[in-house]
Structures are given as structure tokens and as C-alpha cells.
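Two complexes are shown next, each including chain A; its partner changes from chain B in the first to chain C in the second.
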Partner chain A sequence: MKIGENIKLYLKYASVCTQSIMQYKVSFFLMITARFMISFCELAAIRFLFDGLTRIKGYTYGDILLCFAIVQMSFTFAELFGNGFKTFSGMVRKGEFDRMMLRPRSLILQVMGSRFELGRTGPLLTAVITLALGIRHSRVTWDMAAVWTITAMTVGGTLLFIGLFILEASFCFFSIEDTSLINVLTYGAKSHGKYPIDIYGRGILRFCTYIIPYTLFQYYPLQFLLGKAQDWYLPLCPLGTVVFWLVCHAVWRYGVKHYKSCGS
Partner chain B sequence: MRKYYDFFKLRFATGIQYRMASVTALTTQLIWGLMECLAYKAVAEASGGSMPMDYSSIVQYIWLKEALYVFFNTWSSDNELFSMITSGDIAYELCRPLSIYSMWFSRITGARIAETLLRCVPVLICAFLMPRPYRMTLPASGAAFMFFLAALFLALGITITFCMLVYMLCFFTIAPQGWRMVLTGAVEFLSGNVIPLPFFPKKYLFLVELSPFAYMQNVPFRIYSGDLAGSGIYPYILKQIFWLAALLAAGTALWKCAEKRMVIQGG
Partner chain C sequence: MIEFNDISKSYRIARRGSGFGNAVRSLFLREYDTIHALNHISFTINDGEMVGYIGPNGAGKSSTIKILSGILSPDSGSCLVNGRVPWKERKEHVRQIGVVFGQRSQLWWDIPVIDSFELLQSIYAIPVSKYRDRLDELTQLLHLEDLLKTPTRQLSLGQRMRCEIAASLLHDPKLLFMDEPTIGLDAVSKIAVRDFIKKMNEEHKTTVILTTHDMQDIEAITNRVILIGKGQKLMDGTLEDLRLAAKSLDPEGENSETDIDHIIAGLYARLNIM
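Now for the complex of A and B:
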């Protein structure tokens, strides 16, 4: 009952946001085109770099494309749904968040809903093209396990990135300083995560496993997908991002509890 | 000239204010640069020495790109100017007995140089202290360094005149954000910010070199890293001068056109 109501409310939010963006149609289409183009350039960059190479650290062109597509999709979905957290500091400053707290509805829902931006979906097109190219080039055997792994990786990645956005927003409760440092963890992971993480060496791989668990949705399930390892638990790794998300959520809850309005 | 210098100074002083932001920026850029170095290392190992640029040149290129990020960034722009145009505050600017084009040009240049000075020194110091294969080194010769400096400022000029064109575009459209994103996104790729231009296949590279974008960061960074050397430098510098003049002419012409048809509504 309550979940159904929340979904309905979220859809309402999404439709209102979309309507308001649609008032500037040309701008909207240019935004989508621009975002598509930027991500498409990244695809072209991979193509150019791979010119004349057969494999980088054991990964073929197709393998890298699959990895790029999955990370790109996760990040796009995360930006689409979690955009509110990215602009959260503005909401606090303008007193918008104070108003939200007065309403008897979930805060997360309101923050996420109020900044739903359809224009963010541009890179999705590149991701789909890349996925198709990657499927054609790579040597993945397509069975239920592979389909599950790709879906789980995408959903897991989305959760992890939204978790990072929530973490970034939570910092607004504790500090008025610039929180852009966390951009390295989000944008950095998006642009550098297009390659399987072990390309960067052992140190980075460790960081991306124990500090911020990117490997849960990227490196480990990818090993299974590409047939480099057969362990049964590898395709289940993306489920671990739920735990990471819960940790971020706990930080958020703690922050909200100790939030003092600055009274604007 | 004096007046324009003052605008330069004003923005310079404002730019210096944000010190904490520069600490986070430093960390971000170091991590970013290091990740890129590691990625190209993997590519270099895979190609077995047959890359279009050698690895040490790429490392120089990456660190310069990080250190001088603000110089060649078409992405972040002076939002005050955009809001001036949309809110009508431009009327005040028009009241001043100055050329708006030159005034804005000086304030953008001032802001960029201030921010770069703040940011580049710590990034460069760290880059020179990196472990061996990822370390930044001095340019091959003093002459190369002089060419680098000349090309650097020409490239800065080209980038800013291009940005001025984008600002001028705002006089002709209500919602400039979309156009801006399309243009800056294209520039980022074509100017060699995503991957260095030598990695482009020949036929694409030929096309890119017909545009002004190949004469932005591409030229100074490749001169410093030794990828462009000797007499190969001259045509690039000449084309830089040509594009700077062409963009400057286009910008001022567009401004004249905008000035004529500008309507400020009430307020």
C-alpha cells in the first residue's frame, strides 16, 4: 500500500519535472544530444586507442566495450534517479530541504523526485550501441547466467553510484566546505571505470575492493561474464552493493537526525 | 589599456580567494592524472612500443593537461556573464565607455590566469616528485621551453576567443545551455583532452587539423613533451596565429551584430 503510494508520488514528481523541462524543447534536445555526443566521443577514444592492438592486459576490444557499456549505463541511471542528491547543497542553502522535512513523506523520495531530469539519458544511447558492439565482438556465451550477470552489474552499479551521491549529499550536514572531492569517486569512477579495474594495477584494485567496492559490480562479475573464472559466487557479487548502499543510507539518516537548519 | 588591465586585476583578486577549493582540486587532479598514466601504461605494454606517442611524452602530456586544466577548459565559464545577458544587467555594461568584447576578454583571461597560477604550481610539484615512469621531466631544451611558452599563450588566446564566440551566441538564443554543452563537448574531444590527437587515425586527424581545435592545448603540450620538435613546430605556430586572428575577427564581428539587434526589456 505504502510502496504503491510512494511509486505513484515519484511518477508524479517525474512527470512534473519533465513537463517543466519540456517548456524549453530545443534546449532539452540539445542537452540530450550533447550528453550523447560526449559519451560517444569516449567510445571513439577507446576505438582509436585500440587501433592495432589485439588485447590490453588480456582484455579484447569487445571485452572493454562491454565493461564501458555497463559502467556507462549504471552511471546514467544513477544520475537520472539520484540527481537530487547531486544538487542537495543548493536545496539546503535555499531552505528547500526544511520545507521537505515538514511534509509527511519520505525525505529520500522527495529529494530524488524533485530533481528528476530526463535530459540525463543521453549517454544511454551510447551505452546501448556499445553494448551491442561489445556483444558482437566479445566471446561471451549467451545463456541465462550471462544475462543475469549483465543486469545485476548494471543495477548494482546504479545502486553504488546512488550510494555515493547520497554520501556526498550527507556531507552537507556536517561541513560547509566544498565537497567536490567526492567527485573523484563518482565522475572519476565513471571515466576510469570504462576499463576493467585490474588494468590499473594491484593497488588500485585493492582500493576499489576494500574502500569503495566498485569491483563488486565491475571487476569480479566481469571475470565470470568473460569466462575468465567460473566460481559460482562471482555473478552474485553485485548484490553486495546493496550493503554499501545501506551504509550510505545510514550515514544519511545520521546526518538528517543531527541536521540544524540555518534558517533561511 | 589601463582600464582593461584593471578588469584583469579585479578578476585576478577574486580568483585568488578560493584556497580551500584549490586543495580539493589538487587532490582530484593528482588522482585523475595518475589513473590516466596507469591506463596508458597498460596500453603501452600491450602495443610493445609501437604507439603514436612514446610513453614518457604521454606522461608529460597528461600532467600538463592536469596542471593547466583551467587554461583550456571550455566547460566552466563565467556564469556571471550568462546571467548578465539573460537578466538584462548587460545594460550597465553597455553604459561603460568601453568595448564589451575587450572588457570581457580581459576579465576571462584574468580569471583563468589567476586560477591556473594557484592550481598549476602544486600539481606540477607533485608531478615532478612522482615515482619514475610517471614522473614529469623538464623539456628537452631551453628553446623547446620558449616555444612551449609562446604556443601556450597563443593556445590560451585561441581558447578564450572561442569561448567568447559561445558567449556571443547567447545574444541570439534564449536558452544557451544546450548549445554550450554541444560546443564544449565537441571541443573537449577535438582538442585532444580525451586522448592526445596523435592517437587519432590519419584521416580524422587531417580533418581535425583543419579546425581551430587542433591548435589549442595540443600544440604547447606536444612541444613540451618533445613529440613536436625542430622545424615541425613552425607550421603549427603559424596556424595558431592565423586561428587566433580569425577567431578574434569573428568574435568582434558577431559582437557588432549582436550590439545592433539587442533589445533590453524594461527593468
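Now for the complex of A and C:
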């Protein structure tokens, strides 16, 4: 199947899911508002923190806002597109996944498409506000390199979080046990990732580089964006998340193979 | 053509005694039972055949359907469906099969049936003109005119099943697997479904494999019956063969002539496969 056809099918899925959600208008608006409020409180928390401080480990208010905006956008996009993986255990239990295997399309595409939830875009509004504030308060010169870096960071972060969602879903193939432990890696990373990772110390920085490579889309390119380092390779770090995604994809494929041999 | 050759499949399921103590124990010490769902099963089905696949609950019917449709891979044995191994060439294989699960829906719950159909058109990449013709034909045969604009959740079971069957046939599959398609339906819907399956077979030479507990389905639709029990194939022949087998096992049986349900129940009991 060509990429164009897959995108067309995904859009079709998205429109069907959105139509379904619109059947329950009140819950849709409540969800979008609630999610906006939650994320907006996090922004407010940063604002209050900087009432008493001017810098955290050398990062200014503007720097932190930029970092938070990027992580927030990545995570929101990942939730929007990868929501299907988060509810995947239910799909397996209800036999929905069996049905997907009976259709001549990529399984990942079907899982992603069948749970597209527009209501998850609430935090995007916070992210945009944060980004605007961050741009005003930080002293970044917005040349081509900076625009590339911030875009690559967002896309890279989205890929990494979707990868983690896929990884979490893959565990459903092997065990019916609860896999919410991995939420530490997704939600935990989202809420702590609003600050540059080096403020948590060397140990965490290492974990976030070699185990789950959050630093690829956050810490390293951020150093370049904020003008703290000039090395040419730093803006290219987010490309590394593609490799991480491929690893998650391989685990997924192995899981599907296992599922076929064991049944549900 | 389907060649199902010497297929075996077993599952390992966790087992524990009842009660809290045993539940805690099983956290640390797991005991497993092995269930032989299929035990060296072989059969061949030619194009255009209509086969009833019967056996008591847990006999291995669903496992067979899952293997044939590529959802499950067997432990040993080989299976070719129109020259393809179902679980290895998934995408190519599923293009030419339609599967109806009586107990599960494939329609989207909150949107009108026609929208589900259009999504399926995109999924199977059916050309628009072909899709229209097919939809017209299915709408007519299954009397769907008034149902298409209704959300699935508001359909009765019989109405929904007719839509389910249409959904499985939109891409014009050569093979149709039906796992208990008439379960829970009223008499009118059952007859409509049966008539439709027969018509599909006559007009499109669709091969149909049907699992059911409803012996009237078998009588009405199929000309060949495969009986399995405890994972083994016990009989493969016509309905008449089945009657004769029951008779030979129980020459003095009172019911064996009159009621097909009794014949089957008698056979199960005598072959000890309950």
C-alpha cells in the first residue's frame, strides 16, 4: 500500500471517530475543557515558581517555558495519534484486534486510526500559549536553525512517546497483567520533562539518554536552541528518536507473532 | 480451495484451585493445563462448497476458523487457502475472505451503518463503481434499505446481523467463514440469513464454511458436514451419512429418525465427546 493511501485511510478513520464522539457533545466539550485546565495549571505552577526565583540551574523563565511547550506539544500529539495503543488491552479482550487482523491493512495504522480522539487536543491550547510566552521571554534568535530545532524536537518527542505507547501495548500480547507501570515512563516523563532533564542530576540524565532516550528530543537540542552550546550535531539529535521508534516497532511485530501462536 | 493438512494446536492455560489461599499461591507457583484444541485434523474443501462445521462447545471449531482466517498459527501441520498460508501472508489472504462472527460486531457502534460500510470501502480500497454495485446487490438481497442510515447501536439483533453479513461481503470475497451467524436470531431473521447464504453461493460460487449449533442451519444450507469433538475429526460426509452413523451406533434409537438435534446429541454421547 502506498503512503498516500494510508494517509487517506487514516483521515477517514479520524473523521469516523470524530463523528462518533460528536454523538456525545457534552462529554466531548467537558473532556476538551478538563484537559485544557489540567495542563493550564501546570503552566500556572511554573509562573508561581518563578515569582521567587530568577533561574533554575541556569535556565530562565523563558527557557523553561520553551521546554515545557515542546514537551507538552509532543505528548499531546502522541496522545492524539497513539491513543489506540493506550486502550489496546481492551481491544484485545473484546476481540477487536482479531477483527483488525482480518483486514488487509497495517495493524498499527488500524489501531491508531480506530481511537482518534479530538478531545485530547485541549492541552494544545496551553502549549501554544506557553510557546508564545516562551518566545517573548527567552532570548532565542529565531533563525532557520532555531526553527528547525524546535520543530524537530516536537516531532521527535511525538515519535518517542508514541513508541512508548506501542511498547506498552505490546506487553498485552504476552501477559494479561496490568501494564500501567510503564505509565511512569510516559506520564511521568511528561510532567517532569517540562524542566530540562539535567536539573534532576547526572543519574537521571544518564537514564534518559541510554535507557529511554528522552534527551534526544529534549536536553541536547535544547542546549543548542537556548544558545548554551553550538555543536553542529545537537539540532540533529531528535532524528535519533526514529531509531527508538523502530525498536518499539520491532517489539510490536514480535508481539503480533507471539499472539498468533498463542491466541487470546 | 482449502487444504487443511494434519493440523494440531494446543493451548496452555493457567489453573488454580478456588479460594483466596490458592489465588495467592498461584501468584508464585503457576500450574498449567495443556488443552489440545485440534489434534491432527485434515480436510479439503473445494471451491463453491458449503460445509457445516459442527461439534459441541469447546470442540475446536473457533480455533479452526481462526487458523483458516490467519489469526492463529498452528503448532504443526500445513494449511493452504487458495495457495496461500493464511498466517504468513496475512494481507493478501484476508482480501479474499469474509468472516462473520455471530457474537462480535464489526460495525462501528455510534455511526450509521452506511458510514461503517464506507470505511470498509476505504480499508479494502474497493473502487467506487464496484462498491456501488455490490452495495446495491447486498441491500436488495438482505433488505437493508431502511437500516443503512440508522446507527448500529439502534438496530435489533436480526437487523444488525444482516448488516454484519453485508459488511463481510462488500469486498466480494471468494470464501466466507461464518462462526454461529444465526445465534440468537428469531425465525424470520434466521430464514432470511439462510436464504441469503444459499443465494450467494449459487450466484457467486462463494465457498461457505459455517459453524453452528443450530441443526436447521445445517439442514437448510450445507451439503457436507464435518463433525469434530475434543479436537478430533469424527466424521466427514453428507447429512445422510450423519444420520446413518447415528443409527449404526444406536440401532434401537427411538429419536434417531425424527430429529436431527437428537441424532447429534446421541452421537456426542456415544462417541463420548461431551
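Here is the rule we use: the second predicted complex is superposed on the first by the 258 of 264 C-alpha atoms of A that agree within 3 Å, B and C clash if a C-alpha of one lies under 4 Å from a C-alpha of the other, contacts with A are read in each partner's own complex, and residues count from 1 in each chain.
By definition in this document, a residue touches a chain if its C-beta (ideal position, glycine included) is under 8 Å from a C-beta of that chain, and two chains touch if they have at least 3 such contacts.
The structure displayed is predicted, hence computed values, not measured ones.
Chemist: Which partner does A:Val71 reach: the first (chain B), the second (chain C), both, or neither?
Modeler: It touches nothing on chain B or chain C.
Chemist: Contacts for A:Ile197 in the overlay, against chain B (first) and chain C (second): which applies, first, second, both or neither?
Modeler: Neither: A:Ile197 stays clear of chain B and chain C.
Chemist: Quick check on the superposed pair: does A:Ser261 touch chain B, chain C, both, or neither? Answer first, second, both or neither.
Modeler: The answer is second: A:Ser261 touches chain C but not chain B.
Chemist: Touch test for A:Arg105: chain B only (first), chain C only (second), both, or neither?
Modeler: Second partner only, chain C.
Chemist: In the superposed arrangement, which partner chain does A:Ala169 touch: chain B (first), chain C (second), both, or neither?
Modeler: In the superposition, A:Ala169 contacts neither chain B nor chain C.
Chemist: Have a look at where A:Val155 lands relative to chain B and chain C in the superposition and call it first, second, both or neither.
Modeler: In the superposed model, A:Val155 contacts neither chain B nor chain C.
Chemist: Tell me which of chain B and chain C touches more residues of chain A.
Modeler: Between chain B and chain C, B touches the greater number of residues in chain A.
Chemist: Identify the partner contact of A:Ala34: answer first if only chain B is touched, second if only chain C is, both if each is, neither if none is.
Modeler: A:Ala34 sits against chain B, while chain C stays out of touch.
Chemist: Which partner does A:Tyr13 reach: the first (chain B), the second (chain C), both, or neither?
Modeler: second
Chemist: Touching residues of chain B toward chain A in the complex: what are they?
Modeler: It is residues 20-21, 24-25, 27-28, 31-32, 35-36, 38-39, 42-43, 45-47, 50, 174-175, 177-179, 181-182, 185-186, 188-189, 194-195, 199-201 of chain B that touch chain A.
Chemist: Under the touch definition given earlier, write down the residues of chain A that touch chain B in their complex.
Modeler: Within the complex, chain A touches chain B at residues 24, 26-31, 33-35, 37-38, 41-42, 44-45, 48-49, 51-57, 177-178, 180-181, 183-184, 188, 192, 195, 199-201, 204.
Chemist: Give the list of chain C residues in touch with chain A in this complex.
Modeler: 11, 63, 66, 69-73, 75, 87, 90-92, 94-95, 97, 99, 101, 104, 106, 108-111, 115-116, 118-119, 122-125, 151
Chemist: Which residues of chain A touch chain C in the complex?
Modeler: Its residues touching chain C are 1, 5, 8-9, 12-13, 16, 19-20, 23, 94-95, 98-99, 101-105, 260-263.
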